[in-house]
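As written, the chain order gives the labels A, B, C and D, with residue 1 at the start of each chain.
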Amino acid sequence: MLSDEEKQRYSRQMLIPGWDQERLKQATVLIVGLGGLGCASTLYLAAAGIGRLRLCDGDTVGRSDLNRQTLYSESSIGLFKVDEAGRRIARLNPSIVVEKFKVFVDSQNAGKLAEGCQVIVDGLDNLESRFVLNKESFRQRIPFVYGAVHGWLGYAGVFYAPQTACLACLMHPDIVSRDRVPVAGITPGLIGLIQASEVIKWILGRDTSLLGRLLIYDGTDLSFEIISVGKNPACPVCARA
Amino acid sequence: MANGLAGKTLRIDLARGDIRSFPTDEGLYRHWHGGRGITAKILYDEVPRDADPLGPENILIVNAGIMSGCFIPAGSKVEFGSVSPLTNGPGDSNMGGHLGPALKFAGYDMIIFEDLSRRPVFLFVDNQTVELRDATKYWGMKSLDCEKKLKEDLGEDFEIATIGPAGENGILFSCITHDFGRQAGRTGQGAVMGSKKLKAIAVRGNKSIHVRNLDSLTKQVTEIILRTKKHPNMVPWQKYGTAFFIQWSNTNACIPAYNFQTTFYEDIDRIDGDQLVEKCLITHKACFGCWMNCGKYTKAVIPGKPEVHLEGPEYETGSLCGSNLGMKDINHVAYINWLLDNLGMDSMSGGGVIAFAMECFERGLISEADLEGHSLKWGSVDDVEHFLDMVAHKRGIGEWFAGGSKRAAAKIGRGSEKFAMQVKGQEMSGYDGRWAPGMLLSYMTADIGAHHNRSWTITVDMAEGRDTVEGRAKIVVYLQHIRPLFDTWCICRLFWGELDITPEEIVESLNHITGWGVSVAEVLRTSEMIWNLNRCHYIERNRDNGRSFDYPPARAWEDKIPSGPGTGKGLSLAQIDRMLDEYYAARGWDEKGNPTRELLEDLGLGYAADRLAKAGFLGRSIPGGIPPVRGEKYKPKAF
Amino acid sequence: MIIFLKAGGELRTKLNPDVDYYTRRVETERGQTLRDILTGIGINPAFVAFAYKDDKVVRLDHVPVDGDVITLQPPVSGG
Amino acid sequence: MRIKVNRDKCTGCRLCLQICAIEHFNEINPKKAALRIEAKFPDPGKYRPFVCTLCGKCAEVCPEEAISRADSGAYIVDRDKCTNCGVCVPPCPVGVVFQHPDHDYVIICDFCMLCTELCNTGAIVKWEKAASLEAKGV
């Protein structure tokens, strides 16, 4: 049951047809990585009233993060991201339960992290861990809301194998990627919010526009392109004969 | 998506009310061809082996296939698939009409219903608008009445599928009804729909279906239609529909009479095609895109009863609810057909169950006391009406028969199993197999129980000699591969045999639509994959060797045909065993009727072999290996 | 035959487009897979995360036909 | 030139609708056909096709003068002039002026006669007699 405060807090979004605040309240969402993407999605998912946010990041805030990681401020530098994020959310929306995990996701802990979540949100900064999460999403049949950025370029998609393709259908795990990528701060913000809206639609049981598809956003010419990602019959993760 | 697909797949969680649309998995279609193929694969993958068919873990799949709705002769079918409560194996049933095409015109290839709804709902699909709407006011309505009401409420141009009281009450041979007389009747799909509290599906769409090569498709199909207009079979077909075969079947001693006691019906002239056309016909009725209009929309007029409108009775219902019940007037047959349709029961299984009950009554195994003071005599339409009411509402012994004749026989006992005319729990179609060994073998081995459509071997028996069983197995296997393909593509099967349209032609259309460029050999392989996957699924669920499920009731070998042209004919258990041995060998299964690893791996079903092995029923590999080609090409003669 | 390659993000520079800012016109013989074509023009397939043709992802073993327009996308790993 | 309708012969197979849309829009979509079939079930249990009767009401009411009678006798819609305002839809006595969301013009039968060629029951047939009469200006 929603309290009167909650009814008030969410009154504007509850005007939307098909909106079910109760479902958001009951939902648990795992957000892995609290960088530019994670900050954006976390902030708005908390504001929207997702009952339980499971935050996972083993990193501390550095000055170079502040151009895009909007949950933190100068005073956060050197502190753990999950703690700072938790503090910020508590101020924004006290009714949200935050579970903190000061770890980097790997094949060992992924299973436990994802357990009992309705959605996995990708806020990572490297491909390897993304593929770990992708595998887990397939194993536990939890949708994986993928997002990634590079400079002005950003991708977002929702993978729910075997019903749709998975990340490994889209790109092979052994492609070359690099760390310390250039990032225009707004790109992860934008992609992160697109992820957040897909998460909310999924939890509401509405049509999730990016299911099995990929949004390619290019800030240089502000182009949004949505392509469909077919299942790869030879996918190392989700292929079904 | 220019390949005949609409592009979207709906998954609907009835418990949570979630409605999600996914891009249709083209790879899956390429592999399994949609329709029966996709349902078989999804059921195999997604339904736990211990799941109760009427429980939350079973799913109901509505699939419009790859060719349905495309400009192709009788591209009208829609396939329903779920684990069957009747056979407790993978079940599928399809129907013509206009629902399948409508689904694709609305933009969806498939709808998958998961879990159980708490309150009665119906699915409303109007292009992109997809809603689960409250169906409380429709719950309890009879099938045809409900469709009428929904059309009034939503609009004439909605295509609607409903279930009746039988489906709601979990009668295991319930059907799904559409277009006031098209039924997906077999394997109790209606019961599954009812268990999910899904009263109806209403679809409307105005989108286009895009195919790979419309010009060549149009050219080819137009040519086929114009050519076949002059085919000699077109005339009887358009005039009588399948009811045409009732006389033929009686003359050839394969029509079931008095619950399959004999194969000759003395009053055939009162229930045959001529009677139907003369006394009952209102209008001819065709499915989407079919120029053969075998559907007969009719009325049943019985003094003292309201005049009722229905579609049929076609051959199966005409025989199973006609001669098989000793009915003496076509109006009575039609009326029983209407009763079953409106209650939402399969008129084939229904006919079988009534006949079984009638014989039980004749033999004193059930009494008037059991029947609330009514009798249940051959040819009495009032008795049938009352009996069906008891069954549909599970009143008294009605509950026994609500599970079909197999379960009823288990309750009644006292030797009644012998004449419960079913295999795997599903009642037989309208052909007696005692002097048609191939047909009997088809019943025994069909994946969904005693159903004729998997391989309609009756004409083969006529042509190849009805007294011999040798060599029949290979042909049955071939037909079991080619006939179900039509269910896989979701087009009608009837024009193939009847109008001499070759499989090559149909595969050519398939390629025009999909651009796959497949050959007949390839599609036959796909069909064999489906067949074996279903076999594995069935064995895993029922946890016994395949052979133990493949025997007909004892009447098939203990009783000889007592009257008519087939007098004295019949099969011995030895002959039946021989056919089974031949059949398993022809399929590459072991003598226990279990698929072997060699075969499954040859078909790219290694994972099924592993699962079957884990269940402990993988066939022992055959000395000398599996036959390189399973089944033997055969061209059934048209009439 | 002629096909047109487009590229997003960093790949654009590697592709050195000639038709316009994104697009390069490539002359190849029939039957070559996308992978062959890329290696042919000196792009290491390992730097291509995925490619797509009329809004559908195509694999690197896809064999283009005359006039195809195929867009290459780089791996994007930042967050 | 006319299309004769033998209403009792229609079996509701919709082949006519399919070929019509294929011919004029190169798409499989009965909702883009220039004729319609009315199904009255369960009572009385009849199909009835409706095709253009060449009455010309659509042309009369068209504010853009986008509908004009061609030499063939058929009323042809000028797809550029037509604004899809829909004024011509209600006046049609048999309801065979159609609008479809994909198109910004109305759909009216141009008497290509393909439907009559496919129909296998004689529900809709070419009416030669009328054609000759019209030639005589009767």
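We adopt the following convention: contacts are C-beta pairs under 8 Å (C-beta built on N, C-alpha and C of every residue); 3 or more make two chains touch, one makes a residue touch a chain.
These figures come from a predicted structure and were not determined experimentally.
**Q** What whole-number Å value describes the gap between the mean CA coordinates of subunit B and subunit D?
**A** 38
**Q** Subunit B to subunit C: how many Å between their CA centres?
**A** Averaging C-alpha atoms per chain gives centres 50 Å apart.
**Q** Calculate how many whole Å lie between the centre of subunit A and the centre of subunit D, each centre taken as the average of the chain's C-alpha atoms.
**A** The answer is 54 Å.
**Q** By residue number and range, which residues of subunit A touch two or more other chains?
**A** Expected reply: 228, 230.
**Q** Which positions in subunit C touch two or more other chains at once?
**A** In subunit C, no residue touches two or more other chains.
**Q** Find every residue in subunit B that makes contact with two or more other chains and list them.
**A** In subunit B, no residue touches two or more other chains.
**Q** Among line, ring, star, complete and other, which best matches the way these chains touch?
**A** Topology of the interface graph: linear, an open chain of contacts.
**Q** How do the chains pair up in terms of touching? List each pair.
**A** A-B, A-C, B-D
**Q** Where on subunit C does subunit A make contact in their complex?
**A** That would be residues 8-10, 44, 46-50, 52, 55-57, 59, 73-79 of subunit C.
**Q** Quick check on the complex: what are the subunit D residues that touch subunit B?
**A** For this pair, the touching residues of subunit D are 8, 11-15, 18-19, 21-22, 25-32, 38-39, 41-47, 100-102, 117-118, 120-121.
**Q** What residues of subunit B sit close enough to touch subunit A in their complex?
**A** 9, 11, 13, 16-23, 25-28, 31, 45, 604-607
**Q** Report the residues of subunit A in contact with subunit B in the complex, numbered from low to high.
**A** My answer: residues 160, 162-164, 205-208, 211-213, 228, 230-231, 233, 240-241.
**Q** List the residues on subunit A that touch subunit C in their complex, please.
**A** Residues 33, 35-38, 122-127, 130, 147-155, 165, 169-171, 174-179, 181-183, 188, 214, 216, 218, 225-230, 232.
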